[in-house]
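Look for subunit A in each of the two complexes below; its partner is subunit B in the first and subunit C in the second.
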Partner chain A sequence: MSNHIKQTFIMSRANLFSLPRRLAISTSMVLSVALVVAVLAGFLAMSKGFEQALEGAGSSDIAVVLGGGTNQEMGSDIPADAIRNLQAMSGDFGVTRDAAGSLIASREIIVTIGFTPEADTLPRTLALRGMDASGPLIRDGVTLSDGRLFRPSAREIVVGARIAADFPGFEIGETVRLGALDWTVVGHFASNGSAFESEIWADLETTRAAFDRQGQVQSLRLRLHDASSLSSLNVQLQNISQTRLLAVSEANLYAAQAGRTADIIQLFGWPLALLMAIGATAGALNTMMSSVADRTVEIATLRALGFSRLSACLATWFEAIALACIGAVLGILASWLGFNGWQASTVGANNASIGFQLSVTGDVMLNAGLLGLAIGALGGAIPAFAATRLPLTAALRASG
Partner chain B sequence: MTNTQPYISIRHLQKGYKIGGEAISIFDGLDLDIPNGDFVAIMGPSGSGKSTLLNMLAGIDRPDAGELRIGNSYLNQMGEGARASWRAHNMGIVFQFYNLLPMLNAAENVELPLLLKPLSAKDRRDRVRKVLDLVGLSGRERQYPSMMSGGQQQRVGIARAIVSDPGLLLCDEPTGDLDRKSADDVLQMLRFLNQELGKTIIMVTHDPEAAKYAKRVLHLDKGNFVEEKRAA
Partner chain C sequence: MTFSKLARKNMWRKPLRTVLLIICVAVAFLIYGLTASFVAGSQGSSAASEDVLGVTSVAGQSQPLPIAYLGRITSQPDVETVGYMTRLRGFVETENNVVSVSATDPARLMAVTGPQLGLTPVLIEALGGARDRLLVGRALANANGWIVGQRITVTSFQIAKQDGIRNWRFEIAGIFEGESTSTDTYFAIAHYDYVNASRALAQDTVSAFILRPRAGVSPSELAVQIDALFANSATPTRTQSEKQFLEAFMRQYADVGMIVNLVTGAAFVTLLMIIINTMIFAVRERRFEIGVLKTLGVSRRRIMMLVLAETLLVFIVGGGVGLALTKLATVLAGPAIGLTLTPMIIAKASAIIFILGIATGALPAFNAMRTPIVSAFRTR
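Let's look at the complex of A and B:
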C-alpha cells in the first residue's frame, strides 16, 4: 500500500508540473468552484447574520407575555383586565418587583409604518414600539448612545442605531413624520447590532393615540428573577383571565423568529448553490477529462514503467480535488472580503424591516468549502476511473 | 529456472484485434524461444505485429491464448496489477519517441523506475549518476528533454530502462527517429549492454543496419510466421 502512496505522490507531482499546459481550462474549473462556494457562503452568512442579530436581542431573564394563543407579538392581544389582575396579585411568582412592590412590567404594542426615506425611493416598513416608561429597562444590553429617552405623553421617539444609520432624517432634534403625525427624535440607542436596533421606541399612550389603538396591549414584558421563574409565571397566568396567556422567554421569542427566517434564507440558498454546483461539477468533469487526455502519453509511459492503475486513478482524482480546493479557498476568501460585515435587511416577524450584518463564520466557511470540495471529488471521479482504463498500447503507439 | 530452459518461451500464442467489429488475427500459434543473454532484432513489414509482440513481452498487452513465460513468470496468467509490478522489477523498455516526461529533467526522468523500489535518496542519486555516466551524459543531469537532441534523449531513455538493472531490455524501434550517427551511438550502447553487462535485448527495427548489431535477426511476416536467419 505504501508503494501505491509513493507512486501516487510521484504521479501527482508530474500532474502538478504539467498543469501550466492546461492553465485555461483548469482556471475555469477553479473559478466556477469559487463562484459556487462564494454564493453559498453568501447565503449562509446572511442566514447566520440574521440569527446572530435576533439571538442578541433575547434575554432569558425577561418574559414576554402574549395573549390569544399566539407565540409571537404579531396578532397577540392581552385584555386590560388580565393585566390588572396580574398586577393585583400578591406573592412571588417569579417576577421582579420594584421598591414600592409593583411588578416591573412594560405594556407594549407594535405599529408598522410605511416610510419613504427620500423622494423617489421605495417605501420601507419600520416598526414603532409603544411602551411604558419601564420598557427600556426591561431589555438587556441596550444602551442609550445619544440624547435621552422619550417622556410620557410627548410625541418623542428614541431610534435604534440601524435605523439612524440607514435612513436620513433621524438625527437628534429632527422631526419625522410617522403615520399622520410628526414626531421628534430625542435619542439613539444601540444593542450590539441586535434586532432591537431596527426598532423605534415611543411612549405607549402617545402611540396608541396617534394610531388609534386605544386600550390595546400586544405584549407584556416582565423581568424575571431568573430563567427558571418562567414556569411559575405561566402557572400564575392560567388563573387570571379567560384569554389564553402564554409567557415565553425573550430569548426563545427571538430565536424562534430567527430560526424561521434563517431557514427561509437557507431554503433559498442551498437549492440555488446546489443547482450551480451541478453545473460546476459538469465543468469539473470536462476539465478533468481533458486533463486525462492531455496526460495520456505520460500516464501510459509511467504505467509502462510499472506504476499502478491505482496511482493513475488517485493522482487524477487528487488533481481534481486540489483544483476544487483552490477554488473553495478563493470563494471563501472572496465571500469573507466581500460579504463579512455587510449590512443587510429583511422583513422580520412584525412585518417591519430588520437590519443585520452578514457573518462569514467558521461553519459558514466549512459548509461552503465542503460543497466546493464535493464538486472536485464528484467531477473528478469519472475522469480518475478513465485514467485507469487508458489503453496503454494505443497511448504508447500515438506517442510520436 | 534450470539451465536447459530458455529465458523466454512463447508457446501457441494467439493474439488478434477487433477492428470495426471484424476480428483480425495477428498471431495464431506463435512459438519462440530466446535464451538468456541473447540480442535479437525483430524485423518485418509495418503492421506485421512487431510492436504487439514486444508489448506482450513487456506485459503491457496480453495474449488471447497460449503461454508466455519470462524467467519464472507466466505473464499470460498474471493480472494487470501483478504485471505492473513485474514490469517495475524485471524489464526496461526503450521507446521510439523516447517518452521522457517533459517537465522532469534528465536525472528525474531516469530516477522514475527507482522510485518504485525501496531505495534511499542517496542510493537513487548514485545509481542515476552511474547510468547517466554510462550513456555518456554526465553533466547533463539537470537538462530538460526539450533542451536535448534526439540522440541525447534516447540515451536518457536507455539510462531510464537500465537504471533498476533489469535482465531484459525491450526496444521498439529505438533508432527509428534518429540520424545515422546518433543511431550508431545508441546501437553501440545496446551492444555494450548486451556484451559487457549480459542484458538480454529484444529490439524491433526497420533498419537493416541496426539489425546488424544484434546476434540474430527474426523476420516476422504473414501474421504468425517467424522466420529465423543468422545475421551475416
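Let's look at the complex of A and C:
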C-alpha cells in the first residue's frame, strides 16, 4: 500500500511539474471553474444579504398586531374600537406599560410613494411609515445618527440611512415632495444595515391626513416583557374585537418576508450555476484528456518501469482536483473582493424598495467552492480512468 | 474524398472530445436563450406596446388621480381614445394567491387596448350583464382553475367598502385570451362603477388613465403635452408608454438586464476559452496529417477552411441543441414564469453562433495554415 502512495506521489509531482507545457488549456480550466464559482457565490451572497437585512430588523421582544386575517402589514387593517378596547384593558397580558400604566404601543400605517430622485431618472418606490411618537422607541437597535425625531402634527420626516445615502435631497433641513405635499427632513436614523434603513418615518396623524387615510391603522407595535409573552397577548386579542387580530413577533414577521425573496434568488442562482457547471465539467474533461494525451509517453514509461495503474489514475485525478482547487479559490477570492458589501436593492413585502448589501459569508464560500471542486472531481474521473488504460507498446512507439 | 467529408471525418476523429465541445456550446446557448427569454417574457416587451400611454400620479402608481382629469385629457387634439382604471389588488382564498383586478369602463378599455388583450364584443357584452361581473385573463383563470359562471371573492389589500369590509364579490362572465402567448393575462377586468360606488375612501379617483394617440402623433411628444397640462395642479401626472413603465418596474426588482449580461458574459468567456484551447490542441495533434495534405498540394486557404468548418460545425450543432432545449424549457415552464423565446432572440443567437464559430476557429486555423511541411513531418 505504501508503495502505491509513494508511486502516486512521484507521478503527481511529475504531473504538476509538466503543467507549464499545458499552460494555456490548464489556465482555461482554472478560469472556467473560477467563473462558475463566482457566479454561484454572487447569487448566494445576494440571497444571504437580503436575509441578513430583514433578520436584523426583527426583535422577538416586540409584537406586531395585524388585523383581518393576514400575516403581513400590507392588507392588514385594525379597527379603531379594537385598539381602544386593548388600551382600556387592565391586567398583565405580557405587554409592558409606561409609568402612567398605559400600554407602550405605536399605531402605524405604511404608504408607498413613487419618488423620482432627479429629473429624467427612473422613479423608485419608497415606504413612508406613519407612527405614533413612541414608534421609534419600540424598535431595537435603531439609533438616531443625526438631527432629531419628527414632532407630532408637523410635516417632518426622519429618514433611514440607506435612503439618505442612495438618494440626493434627503439632507437634514431640506424639503422633499412626497405625494402632493412637501416634507422637511429633520433627522437620519441607522440600524446596522437592516431593512428599517430603507424606510421613511413620520407622524401618524400627519401621514393619514396627507394621503387620505383618515382613521386607518395597519399595524400596532407593542413591547413585550419577553418573547414568551406573545401567546398570552394572542389569547387576549381573541376577545376584544370581531375582526380577527393576530400578534406575531417582529422577528418572525421579517423572517417570513426574507424567506420568500431569498428563495426566489436561490431559485435563479442554482440552476444557472449548475448549467454553467455542466459546461465547465465538459471543459475540464477535455482539459484532462489533453493532459493525458500530452503525457502519454511519460505515463507509458513509468508504467513500463513498474508503476501501478492506480498511481497513474490517482495522479491524473489529483491534477484535475488541484486545478479545480486553484479555480475555486480564485473564484471565491474574486467574489469576495467584487461582491462583498455591494449595495443592491429590490422590492420588499410592502411593494417598496428595500436596500441590502451582498454578503459573502463562510457558507456561501463553502457551497460555491464545493461546486468548483465537484467540477474538478467529475471532470478528472474519466480521463484518470483513461490514463490506466493506455496501451503501453503503442504509446511508447507513438513518439520519440 | 470531398472537402466536407474530410471536415466531417476530422470532427469525429475523437468523438468524445467533439461531443464534449458540443455540450459546452449547447449549455452556453441554453443559458443565453433562457435568460434572454426570461427578460423578454418578464418585461412582456414583445407584447408591451409603445403606442399605448399610461397616465399615473407622479407620486407613484398607488396614489390616486381625480377622474375629473378625463375631460381635459380627452380634449387634447392628439388623443384618439382614453380609458381609465382603478387597480384593486387583493387575494383570493389564501394570502399568497395575489390577484390584480382592473376596475374600468369596459367600452373605453375595448377602444384603447381591446385587440391586445383579446377582448371581443361578445366578452364585453357578457361583462355588461351585471355590475359585479368580471372578465378573467387566461393565465389567471388557468392558475386558479376558474370557469365562467363561478363566483369568487377578492379580499382587497387597500380598498375597503363603506361598511369597512374589504371583501369584493365577483361573478366570472368570461375569459380573455390575450393577443399572443406573451401577453400578460394574469389579471381581471371589472366595472369601475361597481368598485367606485361602494368604496369608502378615494371615491371618484382612478389609478391610471390609458390612452391611444391619434395616428401619426409621436407618443413621447404627447406624453410631454399631457404632463404639462397638470404640472401645476395638486396631483401632477407622469405619462409613459406601457413598455417604459414595465421596464422601470422590473428595474426596481433588480437590474435584470445587468445580471443577465454578466451571467451570459461569464458563460461565453468560459466556453470560448475551453474551445479555443481544445481546438489548438486538436490541430497540433494532427500536424502530420496537415503536412501530408500540404504535400499533396492542398492550398493553405483550403486547410484553413477545413479547420474553420470543423469549429463552425461544432458551434452550429451545439447552438442548435441549446436553442432547441430553450424552446423545450419555455414550453415546459408554463405561463407563470413567462419565458418567451421570440424570433428576435433566435436571430441574435444564430448571429452569435456564427461569429463565435468563426472567431474561435480563427487562431487554430491560422496555426494550421502556417505549419511548415518540414516541421510537420518532423513530429513523427
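Criterion: the second predicted complex is superposed on the first by the 399 of 400 C-alpha atoms of A that agree within 3 Å, B and C clash if a C-alpha of one lies under 4 Å from a C-alpha of the other, contacts with A are read in each partner's own complex, and residues count from 1 in each chain.
Please note the rule applied: contacts are C-beta pairs under 8 Å (C-beta built on N, C-alpha and C of every residue); 3 or more make two chains touch, one makes a residue touch a chain.
What you see is a predicted model; the values in this text were computed from it and never measured.
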item	value
Touching partner for A:L285 - first (subunit B), second (subunit C), both, neither	second
Partner chain in contact with A:L396 - subunit B first, subunit C second, else both or neither	first
Subunit B versus subunit C as contact partner of A:G306, first or second or both or neither	first
In the superposition, subunit B vs subunit C on subunit A residues touched	C
Subunit B versus subunit C as contact partner of A:P79, first or second or both or neither	second
Which superposed partner A:K48 touches (first subunit B, second subunit C, both, neither)	neither
Subunit B versus subunit C as contact partner of A:T116, first or second or both or neither	second
Subunit B versus subunit C as contact partner of A:K6, first or second or both or neither	first
Subunit B/subunit C common contact set on subunit A	399
Subunit B-facing residues of subunit A, complex	3, 6-7, 10, 14, 17-18, 297-298, 301-309, 392-393, 396-397, 399-400
Complex contact set, residues of subunit B against subunit A	51-52, 55, 58, 60-61, 80-81, 84-89, 93, 95-97, 99, 101-104, 112-113, 115-116, 160, 177
Interface residues, subunit C side, partner subunit A - complex	16-17, 20-21, 23-24, 27-28, 30-31, 35, 56-64, 90-91, 95, 155-158, 160, 164, 166, 201-202, 234-235, 238, 248, 251-254, 262-263, 266-267, 269-271, 273-274, 276-278, 280-281, 285, 379-380
Subunit C-touching residues of subunit A, taken from the complex the two chains share	24-25, 27-29, 31-32, 35-36, 38-39, 42, 68, 70-72, 74-75, 77, 79, 111-116, 122-125, 178-180, 211-214, 272, 275-276, 278-280, 282-283, 285-287, 289-290, 293, 344-347, 351, 353, 399
